[in-house]
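A, B and C are the chain letters, set down in written order, and residue numbers restart from 1 in every chain.
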Amino acid sequence: MLTKYVRGVNHWLKDRLNHSVSGVNRWLEDRIELSTLITFIQTQLTKPVPKHVNWLFSFGTITLLFFASQFLTGLLLMTYYKSSAESAYDSVKFVMEQVRFGWLIRQSHAYGANFMIAFLYLHAVRVFFYGGYKKPREITWLIGFLLLGVTLGFGFTGYLLPWDQLSYWATTVGTEVAGSAPVIGKYILLTLRGGENVTGMTLTRFFAVHVIVLPWLFVFLVSLHLVLIRYKGISTLDSTKGPEKSVEDLKQEGGKSFFPNHVMKELLVALLVFTGMLIFIVYAPLPLHEKADPFNTPVGVKPEWYFLPMYQVLKYFPKLVGIIGTGLVILGLFLLPFLDRSPERHPARRPVATTLGILFVCVAVILTILGALAETDRTMFGTRYHFDTKGVPHGIAESDSAAAPPTSTPPEKDMKKE
Amino acid sequence: MKRLLWLLVCLVGVPLLPVRVMSAEPPAAQPGGSGCLTCHASLEDEEMSKAVPAWQQSVHKTAGIGCQDCHGGSPKSMVKEQAHDPNAGYIGIPDPTAVPEQCGKCHQVQRDNYIPSPHGTVGEFIPNCVDCHSDHKVVPADVVKISTPKRCGDCHTDDILDQFNGVITGVLTPIAQAKQAAADLRPAGVPVDHIDAGADLAREMFRQKVSHVFVFQTIVPRADSVKASLKKVDTDIRAARTEVSTRRKFGIVAAGFLVILAGFIWLYRRTLSE
Amino acid sequence: MATPDTVPQPAKPARPKPPTRPGGRRRFLERCLGALSAAGFLGALYPITRYLEPPPEAEGASRVEIAASDIPFGGSKTVIYRGRPAIVVNGPNGFIAFNAVCTHLGCVVKWVETGQEFFCPCHGGKFDQKGQVTGGPPPQPLVAISVAQSGEKVILGG
């Protein structure tokens, strides 16, 4: 009897609820044409993606998710960050050591930057090999390339903000490289630094660019990028000579709907990537180094890994040749859709482009490794090597490293001086 | 960032050791003066040249203490007679009895402890500073090493030496361990400055109250008080270690949750294809 | 959902399996996913709310020393005591000290030598030398701080 009563009440409640929801719906319908909106969203969500779309096609979404994560953690960091040369370092240290979960927020932001750029690189490589930049998606590529630039700008400007030794000197070197561009180099250098040297002036302008200019640019560009992707759909592997496949064609070929099939695939990969980042955060946290000291350059200063290939290649050529050469390669990549005129998209049907692409990736990876090895000492196969700036190993005599006296007592080097 | 790079490198299958940025070389000038080093380094007689490489490895080079600070003379001069001019304060090899005052110009605490100590009062300073710390290389005196019968055994029995060693290492070892713990914990991002400072304070107490005193009865209670001051440092180290493991547990739980969520998505996707 | 024709149809129960099974399992998993996502969202919210709490901070000094010569007779000085502004007055009855935060809306009161009273510049609140309200909107008297003179030093608290 009681159950009956409860059921009755339940029914009545549901009825009320439905009634009021439909009331709200009607109210909204009159004002924002809700049904049109829902139809639009549903059409978009159920649009089929081509059959060949696999998990490699989740890299773009992961990059976007990382941007969202960076936006959130960046906002949180800003609540404690002080953007001046005097207090920036201490405020970051404060967040990491004193604020509850500050370590998590700061590590998420620092690692998130690296992951975001890594997945952006992977996304660009994926688009290249699947021919996604070809007609009629050239503009999507151009905007994507600009987004890459904005993201690298985020990395470059954000790296300085903790104001520790590595970030200070990496910025000094990085702005120096930018400043060696022909004709306008000096102007770029002074504008970036806000003076002859990296100082508090540099910090404040990098901060402004990092938290205002670039986020707005990114949101604007990524909106265009997404609209274009929704508009034209993900490209098939067919030649661009034929007409673009219609929604019906794609469905007939066995293409699954964007939601939930593809979205769930992306979410799955994204969750695993974020899990990986969490593991990195707790087991290999990124350290905050010594506070920046403009009078003391540490040995082996180099930019972050995502700039290393470009930085390393400059070492093998005369300054101007390197800068112009790198600039031309970057310009070439930007204009790729107009340089690569082949109508084929499938990587197997455009062997030259595929080979060049593989070569390019290999060279970039090798340059990154050389850049990482350069100016370090390490033991390999039982021999100690010093790697010079070009990454060439030179054997070091064992006596050099064994020269330091063996000590079991701490060296008493702090002397009292009069 | 370097670790991420490392991951990248591992992915392409190139074994590579983690990148280690070499510690910065202090910006030491050549305080010895080019004169002394240039000539003495190239002298045939090893007795005359061996001081140069020894000094170049020494903490004195880093600290900017050069030849003339102990030997006098004109370090900049390239002419032997001018460089070795007694009028310019050149004294050659310092008199062994003058050594404690010589070193004590800078190492005052050590001098003040040493001069009234048994070593300072028996005969004319036996042994003196350079006997234990070497002359040009200037190394920290390794108590275990110099307290072997070969060096100290002429006057002391093994028992006394062992007891003395026990007191000294009983303080220095926990200090070194605390410093090491702070250095190890620092990259993990937990606060360690207070641990480091505590260890430094203990070391300074050791330096002022225990080292160079050489009176067993005096240093034992002092060593104990230094050890007592390390108790708080120990507690702090344990707290910092707990913090690191708490963070790891948090990370593992959160990661586990995400993996479970991913598992459900995977199951859900499978129902879509049915 | 107003347009059922565009909604993806659940798997057709045309297979030999029990007809309700795939849809039922999917619905179950959908609910699990919903619940887990909600839990994850709340879980993520926890560190963020903790992060935004004021970080643990040492309370301001609870014992403040001022040189007596800093405050001329009849004058006043505002110092930080326990992290908040405090006003010390060298009055006719010796040194007096109050928490300088007006009990009305939190402005910092001034000592008016001519009127021998505390005056809040925001809304004209007035307090006498005992901290009692003598005019204006403040609902409560100023909070007194114990003050002692020791030689050339005036000591707040402690």
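As a convention for this text, contacts are C-beta pairs under 8 Å (C-beta built on N, C-alpha and C of every residue); 3 or more make two chains touch, one makes a residue touch a chain.
From a predicted model like this one, the values you see are computed outputs, not experimental measurements.
A.B. asks: Sort the chain contact graph into one of these: line, ring, star, complete or other.
C.D. replies: Per interface graph, the chains form a complete graph.
A.B. asks: Where centres are the averaged C-alpha coordinates, which chain has the largest centre distance to subunit A?
C.D. replies: Centre of mass proxy via C-alpha means gives B as farthest from subunit A.
A.B. asks: For the interfaces A-B and B-C, which has the higher count of C-beta pairs in contact?
C.D. replies: Between A-B and B-C, the larger count of C-beta pairs in contact belongs to A-B.
A.B. asks: Among all chains, which one's averaged Cα position is nearest the averaged Cα position of every protein chain shown?
C.D. replies: Per-chain C-alpha centroids compared to the overall one single out A.
A.B. asks: Could you state the distance in Å from the CA-based centre of subunit A to that of subunit C?
C.D. replies: Here subunit A and subunit C have centroids separated by 38 Å.
A.B. asks: Taking each chain's centre as the mean position of its Cα atoms, how many Å separate subunit A from subunit B?
C.D. replies: Centres of subunit A and subunit B (C-alpha means) sit 41 Å apart.
A.B. asks: How many angstrom between the C-alpha centroids of subunit C and subunit B?
C.D. replies: 47
A.B. asks: Return the residues of subunit A touching two or more other chains; collapse runs of consecutive numbers into ranges.
C.D. replies: Residues 98, 104, 260 of subunit A each touch two or more of the other chains.
A.B. asks: Would you pick out the residues of subunit B that each touch at least 2 other chains?
C.D. replies: Counting only residues that touch two or more other chains, subunit B contributes 254, 258, 261, 265, 268, 272.
A.B. asks: Using the touch definition from the top, list the residues of subunit B that touch subunit A in their complex.
C.D. replies: Within the complex, subunit B contacts subunit A at residues 1-5, 8-9, 12, 14, 16-17, 19-25, 27, 57, 59, 62-63, 105-109, 137, 139-145, 169, 172, 175-176, 179, 186-191, 203, 207, 247-248, 250-252, 254-255, 258-259, 261-262, 265-266, 268-269, 272.
A.B. asks: Quick one: which bits of subunit B touch subunit C in the complex? Just the residue numbers, please.
C.D. replies: Against subunit C, subunit B makes touches at 254, 257-258, 260-261, 264-265, 267-268, 271-272, 274.
A.B. asks: Over in the complex, which subunit A residues touch subunit B? Could you list them?
C.D. replies: For subunit A paired with subunit B, touching residues are 96-98, 103-104, 106-107, 111, 114-115, 118, 166, 256, 260-261, 264-265, 267-268, 271-272, 274-275, 278-288, 295-300, 304-305, 308, 365, 368-369, 372-373, 376-380, 403-413, 415-418.
A.B. asks: Given the complex with subunit B, which residues does subunit C contribute to the contact?
C.D. replies: Spelled out, the residues of subunit C in touch with subunit B are 11, 15, 22, 25-26, 29-30, 32-33, 36-37, 39-40, 43.
A.B. asks: Please name which positions on subunit C make contact with subunit A in the complex.
C.D. replies: Contact set of subunit C toward subunit A: 1-3, 6-8, 47-48, 50-53, 55-56.
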